[in-house]
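Structure provided below as structure tokens; questions to follow.
For clarity, chains are labelled A, B, C and D in written order, and residue numbers in each chain start from 1.
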Amino acid sequence: MKAYEVQAGSKSLADVKLVERPDPKAGHGEILVRIRATSLNFRDQMVVEGMYGPAASAFKTIPLSDGAGEVIAIGAGVTRFKVGDRVASTFFHDWLDGPPRADARVSLGAAGVDGVLSEYAVFNAQNAVAIPPGFTFEEAATLPCAAVTAWHALTVVGAVRAGETVLLIGTGGVSVFALQFAHAMGARVVLTSSSDEKLERAKSMGANALINYKRTPDWEKEVLKATDGRGVDCIVEVGGPGTLARSMEAVGFAGRIALIGAVAGFQGETNPRPLMRKGASIHGIFVGSRAMFENMSAAIEVNGIKPVIDRVFPFAEAIEAYRHLKSAVHFGKIVIRL
Amino acid sequence: MKAYEVQAGSKSLADVKLVERPDPKAGHGEILVRIRATSLNFRDQMVVEGMYGPAASAFKTIPLSDGAGEVIAIGAGVTRFKVGDRVASTFFHDWLDGPPRADARVSLGAAGVDGVLSEYAVFNAQNAVAIPPGFTFEEAATLPCAAVTAWHALTVVGAVRAGETVLLIGTGGVSVFALQFAHAMGARVVLTSSSDEKLERAKSMGANALINYKRTPDWEKEVLKATDGRGVDCIVEVGGPGTLARSMEAVGFAGRIALIGAVAGFQGETNPRPLMRKGASIHGIFVGSRAMFENMSAAIEVNGIKPVIDRVFPFAEAIEAYRHLKSAVHFGKIVIRL
Amino acid sequence: MKAYEVQAGSKSLADVKLVERPDPKAGHGEILVRIRATSLNFRDQMVVEGMYGPAASAFKTIPLSDGAGEVIAIGAGVTRFKVGDRVASTFFHDWLDGPPRADARVSLGAAGVDGVLSEYAVFNAQNAVAIPPGFTFEEAATLPCAAVTAWHALTVVGAVRAGETVLLIGTGGVSVFALQFAHAMGARVVLTSSSDEKLERAKSMGANALINYKRTPDWEKEVLKATDGRGVDCIVEVGGPGTLARSMEAVGFAGRIALIGAVAGFQGETNPRPLMRKGASIHGIFVGSRAMFENMSAAIEVNGIKPVIDRVFPFAEAIEAYRHLKSAVHFGKIVIRL
Amino acid sequence: MKAYEVQAGSKSLADVKLVERPDPKAGHGEILVRIRATSLNFRDQMVVEGMYGPAASAFKTIPLSDGAGEVIAIGAGVTRFKVGDRVASTFFHDWLDGPPRADARVSLGAAGVDGVLSEYAVFNAQNAVAIPPGFTFEEAATLPCAAVTAWHALTVVGAVRAGETVLLIGTGGVSVFALQFAHAMGARVVLTSSSDEKLERAKSMGANALINYKRTPDWEKEVLKATDGRGVDCIVEVGGPGTLARSMEAVGFAGRIALIGAVAGFQGETNPRPLMRKGASIHGIFVGSRAMFENMSAAIEVNGIKPVIDRVFPFAEAIEAYRHLKSAVHFGKIVIRL
């Protein structure tokens, strides 16, 4: 089969190669999936650039965690799926339900664990989910990392209630899903961006208050104004320490900050003092469990949510897709179709 | 002032009298409210008929728990409100936040605790809430009992997540609010009624699956069909033991039944066995705390929810309003305007 | 290997036979365990008597869910255990973590799913847990059903806090574990029994208030006295509808009743009205997940808890062990040693 | 009456004066308490030194939040207490139950809100609690700030389960209460101190693993060793940013850090990255609600916990008590008796 490989020690896109690999087979408990679409996350760029932890690019690896396709063969003992089923990958191996566990931290597309940027992939049947009815493969391929992260942040860690206010930072993949979910959950959304055009688009999707953080660098004050001084109840914090200090000012009493933060890296430091007086909290988020994925799919179906796809690239132009991600002009998800 | 009184030992509407009472005054920590609208709940009919517990109609009492009006005087030490504020009553005295407590069970409009069917009423400032912006007094007067009950059931006891399925029984005040809230929260709603017309109306408000329980007396089977055999995640059970046995069949694994049940009384008995296999639960609900009311008001505001008012009666025709409630032809709330 | 079988259509112990079976082998993902000890639960008696659901005794089955032993072989792909590890079975197949699910309801020792009353047994490696350090096999064999049930009731459904009061009914396997756990958690325990001798023994294990329900048939009034009229915070309700009506009187505001109830069967009916006023709840409990088992084992280890074993029978006298269970004179668990 | 006053703009103990004040009276809803004992917290030293926020020492204030005494008069409308009741103060005004709220942040003994270092004090009846049966006034006076903080950290924010591991830093007032509570809850305790003598004392109170952080400055590695590499489930983090970086290494998957941290101040900064991979969280803690106090008192009573009192000073030597606190040689609480 054809597959892309991130070479060991990869530092840039020049180290990503299109290669021929043996066709995989479904062993005991496994399913063989013909991949029909994949999507890119910021993490995938970090893997290629050698920035995603020391081990992430130490091995030759088929990249990307997010894939969708159809089951074309099943191994012995598989009852969860049958040939012809439409499935998506889960980001982690073996995190089925419950809180994060040390023994369920193998993720696809890094550190020698092959991902889905290939014609076929094999998954343990436990590590795939049915895709929401009516979804195309392109749409389904956007879900495993960014959407599950947003869902985990809002519904598990944030436990956001209808009527509460959520702050979203920027319009990357996680934030746009968070906007759709928060809106469906009856929450109020305050959203920041550096682009008035993106703010307008977010408004059309239901964002209630909009802040251009280029024009208003101390945006936390605007957030407080937009909430009558009370601060927000939940923040999907994708900015990292660079924005975290402002987020801790913007959060209200008993507020919850879901810390994702790959985008701005984690070079800075910050002082957590503002949490104390307000009884607020910061929660590390790392994608989510299979149960979160399935619960999210139910919410997507009931609320008729469709992922926002910025652009679809053919498999042959996967490198272009990475470049488009890096340009940071996108709104929503970047998909590669096979 | 003019007020209605339920006479001690009341058995019927004949025992409800329009009387003249001294004008009340706001003492320390209290607010004096000019009542502008009240609403009726099934409980109020039970009080008049001597069916709401042995003590409820043992005393002469101004009836009704649900009132809205404007603050026209405040007592010493009040900082929570000022003259001119628009407020609604809370159902209980002193249940401000946290779980139900034995020492916060005094409710308005029964057992000698005067309610709001009068020109003026005095509340401890702690026992009133600001009404949602843009609400008329008639709209605000629908909230204290039925809406808070529905909110408590869905968001606290039910902890309903977007994408989950909620079963509502009938189209009384609690159920119609629950429909609006569940819809705003991104949940799927299955609703039963004996009237196709009411089912149609519920559908137009967002109900996803509809069951006429007159035509389908074993409606629990229809609920299972409507959920691919899985059962529902939460039931707002207003029917009491008469419907509870069916509800326990209709609820799914880890499902939660919020037991309200005044309407059908509680004469029957039932066997809770179906809860065991499914890990399901039944939770007694008795209106809710002030914090629930305030959280609900935020959700109402963010989601632009408007109470469904069946009919508004003038103060002089309050007895007619009771009769209309008893006829059970209404959809939504019955309001008395002052 | 030697094994006991419950014959299809079993109605009594006469239908339990000692037979020869082929030695099992560990397939992909499986472990082969030499069983060293098993324990009996009330459920196992019901299976033999054809009372545990229509399907439970429809098939020829090796009975008992609770076994402990050593891993003597592992199949391909197993990393969770190695040869020589000491393990216990989990009651359910594939309920690893999270809330109860419809697709994780296969349990050992009923309905054609072979249990552990045999020299060897094969488990999927996911469906076994390491036994607590320092435990004998006899001790470990007491845990999978009764102890996990008690843990589930107190820590998950009951969410019992130090300082809260727990009511335990009788001194069967679940209640005795619940006594040990509740005591270790800093809760206060009220315990009922028909035997003063058993009450004394419970007292020596930390029970704080004792009620002989034979002498005091309306024991719920004693429970209220023992709690200054407030009622208890959590009840591990093993009595079923026969005692549930009293439990609903004995439970306090916001109290939780964990419904287990196999012992008294479920023939009666009851009226859930008392739940409403108090905001109390009833939760069906059916053993628990692997995560609950592992969390419980940690608590057992930290607190130096040892299971109370009533009596140990040799494998050859397994039928006697069943008879001893039926006699109901035991205090704690009945074990069969291989 | 006699009272101590912290003078406006206080910078040191020289600014604390013993003065004569008019005897206070109980107004509507208030109780007059003859103070019999008070206790010191680190915060009280900060108030005197002008380090507890800009406003804390801007006004002339009777210091100390923690007092116990007997009710000697009640104002109109008080039903919660009667003359002769033994009560303790709550740290905050009007935080009765539920999550932290912006409108319940007035605390005793700072910023012009008179505290309890005086012969008499007046409280709103809502802002006092009954002291645990059998407690002396000295014992009761240790509870309002440090003990409630420890309880909030372990049971609300930490939601610590029996069998989980708790890390305590040092042996100040909060840590020693946390040791007693964690032990009573069935948790395992790892405790650090700079003094082997204090470690020994902690061991005798139930601490399971001990680390001298003077001898082992990178104590987080010892914590990991003491937990087989898993890290701890909950940390009562009283050290502030100076220790927080190590705490984030020492916490395990899904672990919770309760951030209190007054002792080391909050001058440093830190990088929250380790939270992400592990799904761990940091929660700001600021004492707690009246409900937490009452729940804690129940746990204290059921488990026979007695506060560890380092030393009791007479009222006339209150300044010496402050000096003793500053010396940091104490183990447990410093009390002033009236």
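The criterion applied here is as follows: a contact is a pair of C-beta atoms (placed from the backbone, for glycine too) under 8 Å apart; a residue touches a chain by one contact, two chains touch by 3 or more.
Computed from a prediction, not measured in an experiment: that's the story for all the values here.
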* Structure fact -> Overlap of the chain A and chain C neighbour lists contains B, D
* Pair joined by more contacting C-beta pairs (B-C or A-B) -> B-C
* Structure fact -> Averaging C-alpha coordinates per chain, one finds the centres of chain A and chain B separated by a number of Å equal to 41
* To do: Return the residues of chain A touching two or more other chains; collapse runs of consecutive numbers into ranges.
  => 99
* Structure fact -> chain A partner, complex, touching residues on chain C are 27-29, 76-77, 96-99, 289, 291
* Inside the complex, what are the residues of chain B that reach chain C? -> 99-102, 105, 157, 230, 241, 244, 252-254, 259-261, 266, 268-286
* Touching chain A in the complex: which residues of chain B? -> 155, 161-164, 181, 184-188, 208, 295-303
